[in-house]
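Here come two complexes built around chain A, the first alongside chain B, the second alongside chain C.
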Partner chain A sequence: MTRTSSLMLLTVAVALLLAALPLVLPPFYVRVGQLMLYSAGLGVAWAILGGFAGYASFGHAAFIGVGAFSAGLVETRLGGVPPALLLPIGIVVGGACCGVLSAVIAYPLLRLRGTFFAIAMLGVSNVCAELTNNVDFFEGSLGLTFPTVVPASLDPAIFFYELFLVAGLVVLLIAWKIRDSRFGAGLLSIREDEDTARMLGVPTERYKRTAFVISAILTGIMGVIYGHSLGYITTDSVYRNDTNLNLIVYSLLGGMGTLFGPVIGAFLLVFITQVILGRLLDFHLFATGLLLAFLVLAAPGGVIGLVRGWRQRRKRTGAVPAE
Partner chain B sequence: MNLIAQTLADGMVLGGIYALAAVGFSLIFGVLHVINLSHGILVLIGAYLALIFTELLHVDPLLTMPLVMAALFGVGYVYQRLLIQRAVDSSPIGSMLLTFGVALMLQNVMIWVFSPDMKNITPGWAFASFKIGAVTFDAVRVSALLASLVLLSCLAALLKFSALGRVIRATAQQTLAARLCGVNVRHVYALTFAVSAAFAGAAGIVIGIILPFSPHDEATWTLNAFVVVVLGGVGSPAGALIGGLLLGVVNTLTAQYIGPSFPNVTMFLLLVLLLLVRPNGLLGNAFSASR
Partner chain C sequence: MSETPILQVERLSKSFRGLAAIADVSFAIAPGSITSIIGPNGAGKSTLFNLVTGYLVPTAGEVTFRDRRITRLATNRIAELGIARAFQIARPFRELTVSENVRIGALFGKAGARDVAATTMRGMTLASIAHLADQPANSLTVGQLRHLEIARAIATRADLLLADEPCAGLNPTETAAMIDVLRQIRASGVTVVLVEHDMPSVMEVSDRILVLDAGRLIADGPPQAVSQDAKVIAAYLGTPDE
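Right, the complex of A and B next:
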């Protein structure tokens, strides 16, 4: 069996296991699970641009916010539509708005590189948040209540848990397809050396823009579901600067530029902050900062990097007869 | 007419302070090519140290400046040698995230030590003001501006005329060549960081006497510094001054004519516009290869 297909089987097995978990977990852990799956989906969506192409965005919360608010504003105006249709409509609207926004800002922003791009995205996120908060039409400062979409027979916590699981898997599969395609190879070449890639005939501009738009749409869709799971959102609950940061930390913790890195990173970080440090709210900033500094200095490859290094060392020592 | 003159004057005064708060950030960016996201924390440490010294020694906050600058000079040197140096040669994102991690930790420590409440070190003469023509100036703001201008000139002179300044500029222009000529690059990096931290501390005092401050402000000052540097150009006090004045004027004009809740929108639109049409900043790069 090839490596890819065994990985695929493993993913399916883990996904089935995760899908069955809420039946046995206590409610608090179902909520933590929601957050893990949501974060993992966001992390992978971020990594399509930030990990594969190396354009680390510091402002992806912009798309969470735009997705959630555009979907909410449309849904609250659709009085007569059956609740089962509302969520799909919201997802289409949220995804479309993020797609259009990202396609427009891609032209100026993707001309910037490295830290300049990162900070410009932070600017985009702040500007979107400020507009949502101050333009009355968006209702950002008052808050926006989503219509109920959960069927009455289901527990909302479990419903959203499964929804995040499905959405996260879709994002993961899309990222997987992208990485194994010609497009994905092009993105990796942009990360390694953009000028050389361009010289060798990789359409870097088009690839970067496409990756940016895909990443934004997927992030927006996660945002729509997140908005529904909260039920009521204000500007501050979706445009969060700690989300902006955490999306980078997920990849850094799991392994920058890898497919499963953001998933591992998101699971670990949510577990650390919500379960281990759940009672120590005062300590969160310090712990995140310490983790960040430690990762940069000691383990720039993240968990996957550590495992790979360990495997290589074992192979090398295994090849030479030890006795 | 009066209103616009007053708005412009207020913007210039504010801009001088932005410039002082950004000049250290700009220096580190120009010499080490590191985006120091803990810069705002250094500014706040300056403000809190001034608070402590003012209460201990019962003097005017501006007089604590030498002490605060000396303390932060030492802190900056050690911080660079122990932490930043290890990340200088990795990717730019790496050193940026390292400084961000440090900023988060120090912000948390500040909240523990000083509480999350607003503090201020506004001196007794803060409410005096005077008029030139029809434009009113607050004495405290004008003295803050004067302090900024004096300090910026000192830094410019230091960089231009002193032996240390020459070495710093040489390292910024061609690190390898400087090393070949016998410059101890690590030491110069650390000294640059120390000078920059000292100026951040001085900026903290100047900010402290005109505005209340709390540990949550650090991100504002880091972002302001970044915007000022992108507007003005990397690595020179003159660039920081131009960028700071521009930012100050834009801020007050926006607050006056568009609405007090939109300064970030105009600031970042201006930033993105400038990154597009003139990525090197208005004064160009004082030092080459800063990206």
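Right, the complex of A and C next:
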């Protein structure tokens, strides 16, 4: 069995286990699970651009907000449409709006590299937030109530838990497919050395733009589901600067540039902040910051970097002939 | 020159804020040859490579590759047509292994992802680094990195290799190995253009030498003739008592 097949089987097994967990977990942990799966989906969507291509965005919350608000605004105007169709329509609208926005801003923004790109994206996020807050049409300051899409027979917490799981898996599979493709190899070469990549024939501009648009659409779709899970959103609930920061932290914690790194990082950070440090109340953010600084210093390659290092050391030790 | 040239440079010029880095340079490269471009530092050798590969846009003049004008094409499009470049300072993808580095070349360029595994192996074999396939690029020596540069460029299935100082910083044994690699590449049907400072290597490997000085082409011919050219001696080689 190849390594990819083994990983795929493991992913299916973990997904089935995660799908069954709400049946035995108390409601609080189901909500924590929702947040973990939502964060993991966002983290992987972010990594398609930030991890694979090395263009770390510090403003992906823009797409969460645009996705959620565009879907909400359209859905609230579709009075006669059956509730079962509202969510799919919202996902298409939210994804499309993020796709158009990212395709437009990709041209000027992707000419920037490194810190300049990251900060420009923060600017995009803030501009979108301000527009949503100050233009009455968007209803960002008053708030937007999503129509109910959860069937009456289902527990909303479990419904959205399972929905985040399915959406997260779809994002993971798309990212997986990209990573193992020619496109993924091109993104990797852009991350390593963009000028050399171009010299080898990699269409760097087209690849960066494509990665940016895919990442934005997937982030927007996660934003639509998040908006529905909250039921009511304001500008502050979706255009969050802590989300902008966390998306980078997930990859840093799990392993920058890897496929499963953002998933591991998101699960770890949400569990630590919500379950362990959440009990520290006022010291919660202080302890989280301290822990993050320690983890990044101790394991700059993230959890996956630690595991790889350990395996390499073991391989080297094993290669030494016994005396 | 009886054969149709693989590369033709016509009246090429490049100025930076009025300062001419390349001035009215014309030459043609015969397919299957090894041509060296020599000249003192600042003569415009690397700028010439940058112009041919589309990294810089010329102020005037034309570059034609296999009867196709490539003067203002994007760098990646030029690579797709069959021109590859190995850099003066090796620029490996440091987080990847040797074979992963070469595989990127095989996926793009003129290779365009056909027979990726075989093309990757061919690149590594031609550059004599197949035995290092699983080594991380960041663990290679300077000499091995230069071979990796060549392997990655060749894996694009290029018809023309532009190698920028492939022997710089190598000891005599490594230089001999590199010359052997360049000859094997030529034998495989690839035309080679070198920028090189190491004169013994240039004299040994080249079919023809072009000499640049202050952006101008001051000599063009077989190695023996160029080495005795008065203008070349004055501008670059110097006399024995200098």
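Just so we're on the same page, the second predicted complex is superposed on the first by the 313 of 323 C-alpha atoms of A that agree within 3 Å, B and C clash if a C-alpha of one lies under 4 Å from a C-alpha of the other, contacts with A are read in each partner's own complex, and residues count from 1 in each chain.
Note that contacts are C-beta pairs under 8 Å (C-beta built on N, C-alpha and C of every residue); 3 or more make two chains touch, one makes a residue touch a chain.
For clarity, every value in this text was computed on a predicted model and none was experimentally measured.
After superposition onto chain A, the partners chain B and chain C occupy separate space and fit alongside each other.
Within the superposed three-chain model, A:T234 lies out of touch with both chain B and chain C [touch as defined at top]. In the superposition on chain A, A:E192 contacts chain C only, with no contact to chain B.
Of the two partner chains placed by the overlay, only chain B lies in contact with A:L109; chain C stays clear of it.
When the two structures are aligned on the shared chain, A:L285 is found in touch with chain B, with no touch to chain C.
Residue by residue along chain A, chain B and chain C are tallied for touches, and B comes out ahead.
Looking at the shared chain after the overlay, A:T76 reaches neither chain B nor chain C.
Of the two partner chains placed around the shared chain by superposition, neither chain B nor chain C is touched by A:T11.
After superposing the two complexes on chain A, the closest approach between C-alpha atoms of chain B and chain C comes to 13 Å. Within chain A, not a single residue is touched by chain B in the first complex and by chain C in the second.
Residues 182, 185-186, 188-189, 192-193, 195-204, 257 of chain A are the ones that touch chain C when the two sit in their complex. Residues 56, 108-109, 111-116, 118-120, 122-124, 126-127, 130-131, 133-134, 241, 245, 248, 252, 282-286, 288-297, 300 of chain A touch chain B in their complex. Considering their complex, residues 53, 55, 74-76, 79-80, 84-85, 87, 91, 93-96, 103-105, 107-110, 113, 152-153, 156 of chain C touch chain A. By the touch criterion stated above, chain B contacts chain A in their complex at residues 35, 83, 86-87, 90, 92-98, 100-109, 111-112, 219, 223, 226, 230, 259, 261-262, 264-265, 268-269, 271-272, 275-276, 279, 291.
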